[in-house]
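Here come two complexes built around chain A, the first alongside chain B, the second alongside chain C.
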Partner chain A sequence: MFRLMLATALAALPLAASAQEITVGAANMAAYLDPGRDHSNVGSQFYYNSFDTLIDRDHTKLAPEWEPALATSWELIEPTIMELKLRENVKFHNGDAMTADDVIFSLNRMMQATFPPYVVRAKDRLANFPMAEKVDEHTIRIRANREEPLWETLISLQQVMIIPEAYTKALTGDPLVAEDSDFEAFALAPVGTGPYRIETFQPGESLVWERFDNFWGDKAPLERVNVVQISETASRLTALKTGEADIITNIAPDQLSLIDKDKNLKTAGSATALFHVMIMNQNHPKLEDPRIRQAMSLAIDRDALNEALWLGKGVVPSTHTMAEMGALHQPDLVTFEYDPERAKALLKEAGYDGFEITFDTAPSYYTNGLLAAQAIMEMWAAVGLNGKVVVGDKWTGNSPDLMARNWSNPMYFADPFGSFGVMWAPDGPSQSEGRFNTDADYAQKWERFRYSTDLEERKVAYAELMERVKENPAVLPLYRPFESWGMKNAINWAPMPGHIPYVLDFRAGSITLTDS
Partner chain B sequence: MVQLADPIMRLSKRKANQTNFIQKTAIAIAILLFASAFFAPLIVPFDPLDQSLLSRLRPPLGFERFAVGHWAGTDELGRDVLSRALHGMRLTLSLAFAGAVIGLLIGGTLGLIAGLRQGWAEDAIMSLVDMQIAIPFTLVALLILSLMGSSLTVLVMVLGIAGWEQYARIVRAEVRRLSALPFIEAAWTAGAGPIYIAWRHVLPNLISPLVVQFTLALSNIVILESTLSFLGLGVQPPQPSLGSMVGLGRDYMPTAPWIVLVPAALIMALTFSVQILGDWLRDRADVRLRDR
Partner chain C sequence: MIPYLARVVVKSVVTLFAIFTVTFIATRLSGNPIDTFLGEGLTTEGREELIRYFQLDASLWQQYLAFLRGAMSGEFGLSFIDRRPVTQVVGDRLWASGQLLLASVGLTVLVAIPLGVLGAIYRKSWVGSAVMMIAFAGYAMPSFILSILMVLTFSYWLNWLPVVGNSTLLHFIMPTIAMSGVLVAALTRFTRNAMLDALGQDFIRTARAKGLRESRVVLRHGLGNAGVTVISVIGLQVAGLAAAGSVVVENIFSWPGIGQLLVNSALERDYPVLQFGVITVAIAVVVINAITDIAYAFADPRIRLAHS
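Moving on, here comes the complex of A and B:
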């Protein structure tokens, strides 16, 4: 009888505060919020609720189906010029009406970037777009340098979400000029057009979203969302169990049983569109021989890692590809394999003398990252490689002393360019950091892959790039991690296949509360 | 009228001359733990670094899904928790011994100089002692390890400077007390130098309080090492220490608590038994208590 009463009482537990208010316990909170400069796995959780792009997509579907957002229609008036009609009566969270000038300002802050963080982001994904220009109060044009095979894809990026011009310029200094300090200030007091306005933001600690009643689209289903950083997994689980949080993020598969056993709680998860990868420094003096790096890669039994750390729920790729890439998904390519005997033979050929190879990892940034690093050391040892895990929070990917480390290659947009491409382009982030080399042949293959409007040609060129990666490896995708969220039964929410990784989409149609 | 014995004498005699049950138990635990740590490579069932990825998070004996041979269960990489805990205790104790010895050498030397030389040298050394006491040392340790990295060498040095000031205070006080005694004055009068006096007459009289302080410092250093490793700044994976096992296992507290409970229990048993051992040695060494 007592158990029945207890069960009834627990089932009737209210959400953290009220019917339209929830609390999210997040493993990480961003240090700043600016969709233009950010492309981190942490930041990507937060932008979609508060900002809009010109073109959106149906996020319930894996294959892109483009939908109007702040642009109501668009067409290519020339192969290198897209014209977009802007939605009318759109308001920013600060009350300003959105104008064509705001849109041009937002796009050109990236396409003609001078603020260094924007320059980096623009270079790795928007380099084909020299500028946007205003045609009239409700029409703009975006120009491309070359014929662009990914128009809608790139115009729907997080980095080209729309922000208010006058508000941003007035944040510091001259209110008529966009200064670097304005963008720095914006990142701490962000304003967009999305269904939730950011009421308070404490960098690295918490964020509060409040329903924006003047949103141009369907009304936000929640009145208020509190996001608080709870770094420790055990603390997040406790917060969910005690009712302190209604949703918690980043739960490793081996912790799910604890939630699933509780009849008042449930989990939702997916193999996130992101690879946890191992990167290797091609330019480290001791790793210059590609056979050593091939052996480092061939020694790793990724299926065993997936089975052990992700309970087999992750996805181990044969090449750098994902189903989200649609026609360019090429699972038949075999770039990365497990072959310890071949690894041993390569080490012998290369005259490996047992020198120590360090593997850097952050202690907790990637779910299971430290565990995978330790397991990889055992796998290396099995083929004769002398590995050592070095734990630290500092990013070492730009250090000449880097030998190997973990990293992630998220799918920033649904195309091989949006995952492998962003990270491993000629003069891209990996090459700029000095651990990856390209040459004329690589660049030529890259050009065909990036810009050909012939789909088959892009596929062939991508396969050729993967062959180059196989010959002279700098990266090994380990797996697509199976990331899970825990939540109360009263919440109906799950990650959607059309989003980039980790997006907490609380827009209309994406979340409902049973008792609301 | 019944004559009652002097209550202080009764208490003192029991403390000094009789080893009570708690002390006996603690000494037995300390001997067992030290022996287990020392002989860990010979007695543990598995290599502490050997992983078995498909046998992760197996519970200890007596629970469902127990994996044969892994009496205290397995950790998040399928490593034997008992083997790691005993090897971890071995490393923790080695670091604590090294740290305590360094602290003894630094503190003892400075205390001796302060006691013998007095004057400005004593003032300078005792100012350093006061500074060390005033600053929370865990914060200093965190700062040093953050700046200099978490190698074992740096860790040992940090542990070494953790408690030197206690040795310095004890040695200085003892030296000053001894200096006033007739046999030291006689040595000075006979023309003996300070090094001869320190070596021949002072040091032998310091051994007893230093042994006691060493034992007490040991348990404090065990806790400091465990704290630093728990915070990820001490012993680095995959090498186990008791603190790092607790630190890395804390995410599994709700689902696999044995990963944390086994090393945590060892930390508790170790510090408790060593602390009692220190108290016991102090009582035995205190002539005022012993001679009553």
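Moving on, here comes the complex of A and C:
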């Protein structure tokens, strides 16, 4: 009887049924899918398969090489106006043909946002673009307020992926008006132009992609992809082993050996383009003397943290920079180092009297976050700093009582502006929360770094900003965590260096199945 | 009987109101949703804009009144995150949890009552000892350990059973056993003790003296009288299971039920979903308790007579 049941059930299991179908066991499944309002690590897994931007890049390469996507060509007709020719015969998943109006609608939903979740997303990265306008059926223009060094980078953001206008507007209320509720409804029934159509989406639970036969580019290599949330790590590993999943996400370094020692399975991983950081409150009365914060930073042996918590697979940076930032990657700058002797000397100079310094962390929000905090307390103690870990779920980054805590600085796009530049801008999130100060000099340096069209000038200005950070620290990037995926041997897939973190890219050329 | 029923209903309504209030306060004490689900890097103005958008800017008192007004008319609001009505978000997952609950209770009753009866009849032989041993072992083993052990054995090593989701009957085996483990242990012991109690009574001797068959003595007169205890234990267990039992098991087996939803929405501070999820579970518990109360009255005439 048991055998019979087993046989029937196995026959009913759709998993790995055909060579062109795979199942992904994801630690997290998005609760909504709207590339515009989302910038989470969970959502970023899913957009690239179903949506296109006007300009794309070769994601196999670390340095940007721009490629035509929904725009076939683009040029600056004035320093602040870019004109783009649109690809013809592009279809949305619902059958609508993509028009210049769809493109303008998609761009302006962010550039002239009224829907509050769009407003906040557009403000930190698209503020230089007041609007997009239609020239003719196949030509559009995007205007910038001032000369823009990052045209292609910003036009290829996930947030400005193209969605259908008529479809979206008709979702709720007046079919000719874009209401807030239209965008909310879109996030549950997303439609794009990418190689995979979202066939079913159960928020927080599962997603099914189906090959979109009318895709304008190279045919998708997989016919169907099922993504299921398997939040428990042990269950994810087991599902890979039983064959219920072909790829699983979010494997911590200490679990890798479990997969690697099975000869039918393998892993692929990379240091995520995201820093776990320690932030320090410049305005806490007891921490106003920068020497104390310098000591807090110099006392931390980040290589030891990397060895102990990430088996040495993480990346410890010397400054706030990542290899993904191409020409702007400046690994030669030394902004952050480990020097316990200097830390001791600085504390002595500053007259530190042994007062307690609190370090806030959530119990489980960041992988290894609590362990790192506890190790940091030991490192602080070694130079005479009296630290204490405070565990709580509340975000304390905006509290005047904050002394230090953990946080993260993701790379939202491949430029220092996409990481440090967003988080530590004048009037940006850190300053507006009252724990970071800027002045005219900082603002001027930030402006040159953000807007100068001369690459060397941008690098110099960024180095000057890092010098300011070193003198009066408010942040210490600890490491880039190492993230892995487990998969069957038959699957050839790995995260690509040209993507933002966590993207599951299953487009042509990005994944192949050995037995197909 | 009618006044008795009325009392059960009034008790339930008062309990629900208390639960509504406590849930509202507890969810709001746990942190701000803007900190969690919108990710990093919001400016203070951006945060305020979103707080207005999600209507979190009204005072707690106003939010509470709005929540109660909504609850009266069956409107429990939209999820902060996916913006669907919470009734739909929770409703989508209700049946999956219900199935698991029913399967677990079914298995528990099928296994525990016969075991308890056997344990009572053969209390002096090895059969009785074996029953008690099973009961104690089950009691000592928390469901997550049992789950992980089963997953390791039957999926990881033997690859006999699937671990993800609820799509086939095979998927039910491990989660059902995991949920039932402790319940079987408890119910077996209570049934055994209640049976021992009943079988020691004078009317059992009378029944045997009348010349009734032993099976009829045990099942009709023994189990019939042990019934009140057994029902109340089942009621308590089902209520406990509905309230919290499934959270861990659903997570381990990626069961698309309410337990998993509650965990996710608690982590993200999705108040409306969390609130309504807790309320749904609370309603289930209250209803189960009410049914148990009524079942008592049927099982034991003394209860309904005493109350009315």
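Convention: the second predicted complex is superposed on the first by the 431 of 516 C-alpha atoms of A that agree within 3 Å, B and C clash if a C-alpha of one lies under 4 Å from a C-alpha of the other, contacts with A are read in each partner's own complex, and residues count from 1 in each chain.
One rule holds in what follows: contacts are C-beta pairs under 8 Å (C-beta built on N, C-alpha and C of every residue); 3 or more make two chains touch, one makes a residue touch a chain.
Computed from a predicted model, the values in this text were never measured in an experiment.
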Touched partner set for A:428, first chain B, second chain C, both or neither: second
Touched partner set for A:233, first chain B, second chain C, both or neither: first
Which superposed partner A:114 touches (first chain B, second chain C, both, neither): neither
Touching partner for A:371 - first (chain B), second (chain C), both, neither: first
Winner by number of chain A residues touched, once chain B and chain C are compared: C
Which superposed partner A:255 touches (first chain B, second chain C, both, neither): first
Contact residues common to both interfaces of chain A (with chain B and with chain C): 232, 234, 237-238
Parts of chain B lying in touch with chain A, wherever the complex brings them together: 49-51, 53-54, 56-57, 76-78, 150, 232, 236-238, 248, 250-255
Chain A residues within the chain B interface of the complex: 232-234, 237-238, 252, 254-255, 257-258, 304-305, 307-309, 363, 370-371, 374-375, 377-378, 389-391
Parts of chain A lying in touch with chain C, wherever the complex brings them together: 5-6, 8-9, 12-13, 25, 31-32, 39-41, 116-117, 119-120, 123-124, 184-185, 187-188, 202-206, 228-232, 234-235, 237-239, 241-245, 393-395, 398, 407-410, 412, 422-423, 427-429, 432-433
Complex interface listing, chain C residues touching chain A: 30-32, 35-46, 49-50, 52-53, 79, 81-84, 89, 92, 148, 151-152, 155-156, 159-160, 162-165, 167-171, 251-254, 256, 260-261, 263-264, 268, 270
